[in-house]
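Both complexes below contain chain A, partnered by chain B and then by chain C.
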Partner chain A sequence: MAEPQGTNLDPWYSHYAQRTAGLSASEVRALFAVASRPEVVSLAGGMPYVSALPQDLVLSAAERTVREHGAVALQYGSGQGTPELREHILEVMALEGIRASVDDVVVTTGSQHALELMSKLFLDPGDVVIAEGPSYVTALTVFRSYQAEVVHTAMDAEGLVPEALRETIARVRAAGGRIKLLYTIPSFQNPMGVTLSWQRRMEVLEIARQNDILVLEDNPYGLLYFDQPPPQAMRSVEEQGVVYLGTFSKTLAPGLRVGWAVAPHAVREKLVLANEAAVLSPSSFAQTLISEYLGTADWRAQIDVFRGVYRERRDAMLSALGEQLPSLSWAVPDGGFYVWLRLPEHLDAKAMLPRAVKELVAYTPGTAFYADGGGRNAIRLSFCYPTPDFIREGIRRLATVINGELTLLSEFSQTGPLPLPLPAERPEGVLPPSVG
Partner chain B sequence: MAEPQGTNLDPWYSHYAQRTAGLSASEVRALFAVASRPEVVSLAGGMPYVSALPQDLVLSAAERTVREHGAVALQYGSGQGTPELREHILEVMALEGIRASVDDVVVTTGSQHALELMSKLFLDPGDVVIAEGPSYVTALTVFRSYQAEVVHTAMDAEGLVPEALRETIARVRAAGGRIKLLYTIPSFQNPMGVTLSWQRRMEVLEIARQNDILVLEDNPYGLLYFDQPPPQAMRSVEEQGVVYLGTFSKTLAPGLRVGWAVAPHAVREKLVLANEAAVLSPSSFAQTLISEYLGTADWRAQIDVFRGVYRERRDAMLSALGEQLPSLSWAVPDGGFYVWLRLPEHLDAKAMLPRAVKELVAYTPGTAFYADGGGRNAIRLSFCYPTPDFIREGIRRLATVINGELTLLSEFSQTGPLPLPLPAERPEGVLPPSVG
Partner chain C sequence: MTVGPLRHVVVLAGGISHERDVSLRSGRRVADSLLEHGIEVELRDPDASLIGYLRNNRPDAVWPALHGASGEDGALRGLLEFLGIPFVGSRSEAARLAWDKPTAKTLVARAGVSTPRSITLPRDAFRELGADAVFDAIHDELPLPLVVKPAQGGSAQGVTIVDDAAGLPRAMVDAYTYSDVAIIEQRIAGTEIAVGIIDTGEGPVALPAVEIEPLSGVYSFEARYNAGETRFYTPARIADDVAARAASAALQAHTALGLRHISRVDMIIDGAGTPWFLEANVLPGLTETSLVPLALEAAGHDLGWIYSKLAEAAVAGD
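And then the complex of A and B:
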């Protein structure tokens, strides 16, 4: 190899694959470091509140995993996942209307790895993935890591807009783009918190069918509703046209890294091969522990506990926003982890972040959720992890920062203070504000 | 999407990425299904004998993971792995002469996932990976899944042959090939069982340096020596030119899916980003459990136990081979899991496999370990999993099959029985036989 010419030089610089050009540190990643400081109230990140999980239930599942199933749990397993866990996954998915066979399920290292495997299987350089705008940041990272182009399609308070989707598809195709996947988070979307209505789910499926586009339905939050369940999963009415992703990260614990995909037969076979190439087999230990937990604990009641925890936190955040930032607008989420807050249009959420951290509050700037630079004056607030008291304190600090920015702007303005509330411009793909 | 026209048709057939053309079920994979039948003595696969692990040690590590570290172990973690586990990994690697910093280590989902991440980072379609012939089957699968070409380089009883490596590099470059990686398993190689001598390690590093090729040093078996430790790791003397892979699958348990990579700084940064895109973070639970195990158990003594188990099994296999198949030849492994058996040249190991399974013994045909069709008359025998009695019975059955094949061949031959021992042809990349 070439001798390194200094500590900052990379002797392998010219050796990387072209796809690494799309691989860069996300804004969320940098935030994780900031958010880990104990004095900062982090409204960034999406860490579930695992402390709501009774230690006894996890402990006894772990003990039985070692004592009763050690020879299996410590060993390599099938690239598709254990039959026991896949049976349990069918029970979990039945809650959202999905009927499938154990053979349709592939266990993955979190649903994140299912996103990675689907991307590896389907995306050639230059292919297009249509995604909601805004969308889950690390899904966008994965698509781009396979040199695909992400094209956003607009959302409103009922989720992605079918007519806008038709137009997006037509526009991409007119420009010669090869559309491989439609990536959607229909229930309690990350980062907007909105839910795709049943009527629209049917319309979106019909559009995908007409246009020969595979739907990648990512559903980490569907069971975490606060009042009414969301509409049933799109996979409940469409087997051949949907690859469905689920996870135990939100209803149990992300530290186990177990998720799954449900896919049409031929896609499922390829997913298993890709899974074997990537990790040989998903963790037998984690799968056995989860099977033991699901087989003995009242896991449905535990999900109810999580729902209560997150509802209380959502309520704390919404009431704090109403008190502290009454002139701003946000979507009211009926489940999940996130509130999407629109800032006055003169504010830049990313530029404001260092000042927020100085005030000991962290959030995720809206631009993180767009592949195209959108989201400049929006921020995602997570209510999943901090307690209600910390959420209120975090919003109070955030209000200090935002109001300070606005005062600063008005002092620099020759025309006096800016009027509040500011008229919100709506770039394509951003929800019209609904005041909480 | 197109309507499926029958249960065997794949409506998404035209949608897959080009790289999926290289993704097919391996011969080893089919064997796993066969080998799982209890009446079959499986000398295929590479499952470690996890029952040699004291249940108490694993149980108490699992209990402390939940009781004392639950909030961390159940949560998302860093894409690089926990600092605690990376510290322990430094202790493990010190046994093979490696000095590194915690910052140099990236924890992965088994070392298999480090192979996947390295391939994703370095391999463009058409790039060349040079690998020993034969080599680890699922490494070859991963390289090909990124549309790289695997070119084998010859080995002998001291591991890969430096002069042959020079010639291979020159040949590939003369043909316009872009060589990205040299993949090697220097100690107790899979599948041949041979070990690269210290002198050759230095020569190979020098060749790589001169030719600007990054060495991917895969070392799952180095600590599982039977008498003398193997030479120190190549990474012990070369930091910039080597990416080193280690794993807990053989010294602890594969069901936890924890391995690691040690890489030069810039490569390590990219590995972390690729790891985050693929799985967000390696399992906090598995990492914590392993840290607890390493922090409290006498893990060095436990590795001694594993050494004793595998040495006894290696001895059982070699003595059974000497008794049952004295006319054949094999390499004597000084560590690891495998014996590479040369068949008479008229036999085809793959074609013979169904008859072996009928006799209730399974092995891996040599062709699985070549990207180019080599290894037709060789088989890999694993002594890691079955007890010595089963190994002896397995070799007895294998001898029945091989002798039956030879009798059959001689009956079909017009010239009477074939002479035994047969002169062994040595295709490039195959070890000269050393009779055990």
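And then the complex of A and C:
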């Protein structure tokens, strides 16, 4: 009798491309399913507070989109994006010192898609992307899905450390690595919340120039500053060596899924072709709606409203952390959505997450933001979505969890700190969009 | 085609347990299967409106597809009994017994089924007696490898296989993250199987055993819920007499715990062909990668038909 073959419930398992290895459902992802319940204070998600956007502004823009521009808005469009929206994007970028031609802009399906296109254009298996450590979780997922190796470079309170970057480049090159991109979020970085100083921006650009490395400058949060605007974008002084990514997800609404890339001429040509190959054209409807909104609403004032909302929430989180967890450390973000909380050395944030969910509070474990198992004793807290009262309650619950975990560990580590579990053999898998 | 007198069944899925995601997938599968059999199904995530809804609408039956606490610990089932609403699955008392793994092990062992040697320790025990002294005693009495798991909960969450004595403290911490009581159990080497039990009113019947062979060697959360990462053999690749012994042991466990309608008994078959009881689940996973649906299909059953018969059995009070 033939040996029974059994089933693995996926007859195509052996057919998948090797690059899909990281596309898995993890226990961490499953735990985030609970975070969607109203009882849970989710400090995990990076969801903008879209309720601060007056619905009638969007509604009137949508109505004009259909009534006055329906034939265009409901049709396929250009793979580069509509000229009207690209004109508006120039106005938005001018706020951060960027001067560009309307021809330099490529509209994408959120800046996430621009990351995908850039990876498709530049990354072969085994290539190296240097990224801040920690860095944006879903960018790491994209780079890995093109089988690139992500090598982190150190950050401090002023962002990416130039000297560490030099060393990282030298180390990778000495080991024979092919560095294709330097991925950076210079302003209010996700997840650390820190901002790269102007002097360092110049140093980083100089290092990239010297080493012939293309800089991928991702700037979703730059306009969401609280007190002082961040230094101007790196793209404002470097046109050839920087591909700049922007988005309307944070200053308008992520549901529209519209972002953009600004790239040197030749790269931009390839981006347009890759965009067409992937989606034919970005959503004409969403682009027209945004053009109508930007053309008629006081969008600068609306960004001020968002800034006020997020500043109040940041303040609520920092004061609650100061009261509830005074012995821990964090960097104070001057904008954006996130606080990066460092836990005592021997705490494992990922192992602690189930206890947090049980206490009805959720956060993102630091390991999600590293490609190499780092970030075990750190967590990212988002202050963008919950109200200040919920934030205070969430931090109170988090303090209970952390203090409980410290007590538990102390009971089992009478003879010295417990060794942390071995790093996961694979990263956290793909986290849901509401968390990334 | 409508099966039986059922008109309105409420499937409960989601909740706030750690297994919410799994529960939502189980619930949708059950609801779809019932719908295909012409039964009006409503899928609800239990919240503050649930009790009022059930009292006002009085469905024919509730199909709890809630994994983890409240769904499996007897709490929700007790409430349904209190409200007099028929539901599929074990009654609250039996659910409480099965939910608590140490209690279940004791009852099943008393019924004559082997279960691995273990010790159950509340967290307080380490605090009172000193962790090092407790660890020394464990290592003297229970040879490695060990399995450490929370006394309550499912989907392998908080479960660690300990091959090295130095790993035990961290394994305890991980288990206590999910529950204040943990079991430290001797790991039996052998074939991992799951036996589904179905009772549509004519007595419990053991389904063909499903053998579990995770590619990574450990049937972890990831191995359970990513299709392709575990190979299943139904029936299990064990001799007929061993399979019969396993089925009998599973039925003994189901009966000893007083379970009803549906359960899944997880066991290890050792080299001598002895089945060792690990745990029983009153709400086995019913997702597209779960074991009981696999076993039902292998036995030639239509899922929707079985699920609707179980709802009918609930209405009949069987």
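Methods note: the second predicted complex is superposed on the first by the 395 of 436 C-alpha atoms of A that agree within 3 Å, B and C clash if a C-alpha of one lies under 4 Å from a C-alpha of the other, contacts with A are read in each partner's own complex, and residues count from 1 in each chain.
In this section, a contact is a pair of C-beta atoms (placed from the backbone, for glycine too) under 8 Å apart; a residue touches a chain by one contact, two chains touch by 3 or more.
If you're wondering where the values come from, they're calculated on a predicted model, not measured in any experiment.
K.L.:
Just checking: does A:191 make contact with chain B only, chain C only, both, or neither of them? Give me first, second, both or neither.
P.N.:
A:191: touches no partner chain.
K.L.:
Once the shared chain is lined up, is A:37 touching chain B (first), chain C (second), both, or neither of them?
P.N.:
It touches chain C, and chain B stays clear.
K.L.:
Output check: A:209 vs chain B and chain C. Expected answer is one of first, second, both, neither. What do you get?
P.N.:
A:209: touches chain B, not chain C.
K.L.:
For A:67, using the defined touch cut-off, is the partner it touches chain B, chain C, both, or neither? Pick first, second, both or neither.
P.N.:
Only chain B; A:67 stays clear of chain C.
K.L.:
Among the partners chain B and chain C, which is in contact with a greater number of residues of chain A?
P.N.:
Looking at chain A, the partner in contact with more of its residues is B.
K.L.:
Who does A:374 touch here: chain B (first), chain C (second), both, or neither?
P.N.:
Neither partner.
K.L.:
Between chain B (first) and chain C (second), which, if any, makes contact with A:47: first, second, both or neither?
P.N.:
first
K.L.:
Applying the touch criterion given at the start, work out whether A:25 contacts chain B, chain C, both or neither, answering first, second, both or neither.
P.N.:
both
K.L.:
Of the two partner chains, chain B (first) and chain C (second), which one does A:13 touch, if any: first, second, both, or neither?
P.N.:
Both partners, chain B and chain C.
K.L.:
Applying the document's definition of touch, where does A:386 land relative to chain B and chain C: first, second, both, or neither?
P.N.:
neither
K.L.:
Where on chain A do chain B and chain C both make contact?
P.N.:
The overlap between the chain B and chain C interfaces on chain A comprises residues 4, 7, 10, 13, 24-26, 29.
K.L.:
Which stretch or stretches of chain C touch chain A in the complex?
P.N.:
Those residues of chain C that touch chain A are 14, 16-22, 24, 47, 123, 126-127, 130-132, 155, 157-158, 166, 169-170, 172-174, 176-178, 211, 213, 221-222, 225-234, 237, 288-289, 294.
K.L.:
Which residues of chain B touch chain A once you look at their complex with the stated criterion?
P.N.:
Residues 1-4, 7, 10-13, 15-20, 23-26, 29, 32, 47-48, 50-51, 53, 55, 58-59, 62-63, 65-67, 70-79, 109-110, 112-113, 116, 120-124, 127, 138, 141-142, 145-146, 180, 208-209, 212-214, 240-241, 249, 253-257, 264-267, 270, 273-274, 276-286, 288-289.
K.L.:
For the complex, give me every residue of chain A touching chain C.
P.N.:
4, 6-10, 13, 24-27, 29-31, 33-34, 37-40, 351-352, 354-355, 357-358, 360, 405, 408-409, 411-415, 418-421, 429
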